[in-house]
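Below is one structure; the comments refer to it alone.
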């Protein structure tokens, strides 16, 4: 281009020009998309900010405006976060959630990526969470699982499923690629069957059918049954991811280990699994993302998770009209968690990808 | 849960043959299970059901059904705090949850129907609430009766007896209307307010509650006079558990008895100190007998009244003048006030 | 040596037998316990209830259904509704996904920005929330009395979306659909069979004949199935409180379609983008050297290659999306899961109904995977031009 010399080569103007207005077609497309984006943003801002009511307990102002009624959130946000947890004890629920989030954040630090560090971290975090929530020790008032709810219940289910599902997934993956044909085949069948069922039907089954099928002592609370069901579902998906990671290993690795006379458990524990996990890290993160999102299904089988408590928060005589604001608030909560995790996954994928080349 | 059939037969025989004053609670009765556990597992909701089970700003359950759960727990254990678990369950899970032992009794505004009573092997207590099914419609449509909604659409909650009642009514009156079902009360009401449907069928109390609460004001909606059906709401326990069913029936009766005799949570201590009659003396557990026959403590009725008050108090607090809904009690009052309810004889 | 080998073989056999036996035993014990528990509670078991009439209504059904229909028919309605939803939402999700995938690899900054915003917004919020959101939004459309017809026959109302339709019986519409699907399958099969020695000119003529025949047959089927004494086209018109004539898409179905196709589209867009990125640059450069236009390079080289690369991933995604249709229950779309759930509540036959649910989903999902895998076999590239 003749006029390219007039500008420094990588000026902001030039960059923008190359990205947005390289050809006339590009310019038109850019303008169209820009107009579309501006229109959406403007309508959103109009509703969510300009005409919205923010302060707590402003039902009448809400009824009058055509904008969003954030008043329902500022009045009843505690229900969404803590559900039915006793009001004066909600600080425990808050700390417990923070602990779990810190544990999740710490596990993103590569220093923790080893079999000696990660499981203890999660078990400790989970134990702290459980003790804080459940109480009954250290002078804390006992609060049973029936009164847990809101975001803390969602986090609890997610953490419990991950903690239970991961070891299960490793076992499943090892059985699935066992040298013994019948074990491998049976496991493949079990994994395939569970993977082709909808999560909702598995949760439903564990919630209401299992009590008929299990002996008395094994029934347990509905919450734990559903967690076991979900963990099983998680494990079947995760097992295939781990198996994928194992398949990516060169056969020579295991053969070399065999030649060195390592036992099966040493081979698996020191050679195969660490590398398989490294290979399978991005899809594993993705699996966690999906698992967290799908926790929201438990509301359908009658749990007071963040979705249900959102509905309860807008479901009384005062706030029945402000359902959509509650949905948006709950969506934002999910977005913060899921977006962070998925961005981290993408970052990891890039980093590992760079390392491999 | 895993009842041995033999044990059941033996114990029923035992109860039948022992005609003694001190009632024997069957070893496999849910009553025994609950007492041994020290906790009552009662049905809650996943979301809210206006007036009957909702959540206040502090995250506590409240509502008529919740108060009945509290009364039951207080009757069993002296007070409900620490002895009552409200288990959130969805509508569709009521029966499986009861059969599997996740909850001990369903107090979840459930109508008494023949199929539930027989095929599902459930046992109903006497009704504690009579709900009429009526239709609320947008006032702007100018409908006077349900027939005016011919060709329109009507929304109703899914999987409940309401759905059947509406289907039958439309069929008998030859009204052509699209029937839409919703799993969740919130969605049902939203659909109606957004004019997705011309009429919304609900059980009258929640209909009136919804009307008070309408986003465009109560006057924009009329409740049509057609009564599609009446539903008698009872407490549900598993079949073949007479001891546990007795407790439910006498709990309800006690709440009405207290109302009929002017005993409230405020004055129950006073009345217990100076009982006006021998019957009330017995009722409040000053003299023995009232609780023992059921396998409970004798002051169980006192404990209930002390905690939740009599039936009138429960109603007022959650649906009546003490609540935002401000619903007239109507047919749900005691017989002496023009209602259909009555206490059983305390002897 | 032989002793050790023998020993090892014995050990292996014992292990395997023990493993399989444990799983079988678990199932048997579960069945016996269930039996005992049901007997103890006096609950009837068996599938006799399937013949009983249901007594509840279903708001959306592809086949005739009334309150006196038996349970098996209600379940069939549910299965058909689920399949119907899948048959509409999955192709739509694909269209959205491919469009956004193309946007994200187009090189136009603005298009990429919009694409990435779309993907990140809709992938990071649970499907059930999105469904409720779209549903609330759809219900906020004007009432039929205030709505106007646009484009001569389409109306957006809070009561549903009305579009023109044909006055034909459901049976003939079904036959026409089957004919079209069979035609597509036949075309794929022919293509797969003749791959190595494909005569392009001959194939094109054959394809024309095939599709001409299929369309002709479909039209004939619809013509035979005309509802007498009505005009051929049925166009919505305002009458009384509502629109009459035409086809009404209920807000429940519409919300499910929108939510699943937008959510699925975001996932498919990512898959397609990965596919485009995996097409070697040399392929497009070769096309350019041959003098192909940009559009030809896109439609004849990059898109077909990208789709073939990601086909296995896409198949998994489709099965996964189909399973996601179960959330219709949240807004009362009477899909398979919702019918089962209602039936459990009304009949109390929990175990049997859950069994039917599981069996149904296994069959449907295996069928979807099987069909798509056949499609994959038919179109996948032989040889080693591509490596991911």
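In this document, chain identifiers A, B and C correspond to the written order of the chains, with residue numbering beginning at 1 in each.
Just so we're on the same page, a residue touches a chain if its C-beta (ideal position, glycine included) is under 8 Å from a C-beta of that chain, and two chains touch if they have at least 3 such contacts.
No experiment lies behind these values; they were computed from the predicted model shown.
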item: Result of counting contacting C-beta pairs for A-C and B-C, higher pair; value: A-C
item: Chain whose mean Cα position lies farthest from chain A; value: B
item: Rounded Å distance between chain A and chain B, as computed from the means of their C-alpha atoms; value: 38
item: For chain B paired with chain C, centre-to-centre distance based on mean C-alpha positions, whole Å; value: 42
item: Chain A and chain C, separation of their C-alpha mean positions in angstrom; value: 25
item: Multi-chain contact residues (two or more partners), chain A; value: 208-209, 211-212, 215, 299-300, 323
item: Of all residues in chain B, the ones touching two or more other chains; value: 1-2, 96, 99, 184, 190
item: Sites on chain C at which at least two other chains make contact; value: 33, 37, 132, 136, 329-330, 341, 344, 350
item: Chain C-facing residues of chain B, complex; value: 1-5, 8, 91-92, 94-96, 99, 115, 119-121, 141, 151-153, 158-159, 163-164, 167, 171, 178-184, 187, 190-191, 194-198, 238-240
item: Chain A residues touching chain C - in the complex, by the definition given at the top; value: 16, 19-20, 22, 26, 29-31, 33-34, 36-37, 175, 180-183, 186, 190, 193, 196-201, 204-205, 208-209, 211-215, 293-294, 296-297, 299-300, 307, 323-324, 327-328, 330-331, 334-335, 338-339, 342
item: Residues of chain C touching chain B in the complex; value: 33, 36-37, 39-44, 55-59, 67, 132, 135-136, 139-140, 143, 158-159, 240-242, 250-252, 329-332, 334, 338, 341-342, 344-348, 350
item: Complex interface listing, chain A residues touching chain B; value: 63, 75-76, 78-79, 82-87, 90, 144, 146-147, 149, 207-212, 215-216, 219, 222, 299-304, 308-309, 311-318, 320-321, 323
item: Of all residues in chain B, those that touch chain A in their complex; value: 1-2, 41, 44-48, 50, 54-61, 85-90, 93, 96-97, 99-102, 184-186, 189-190, 193, 209-210, 212-213, 215, 323-325
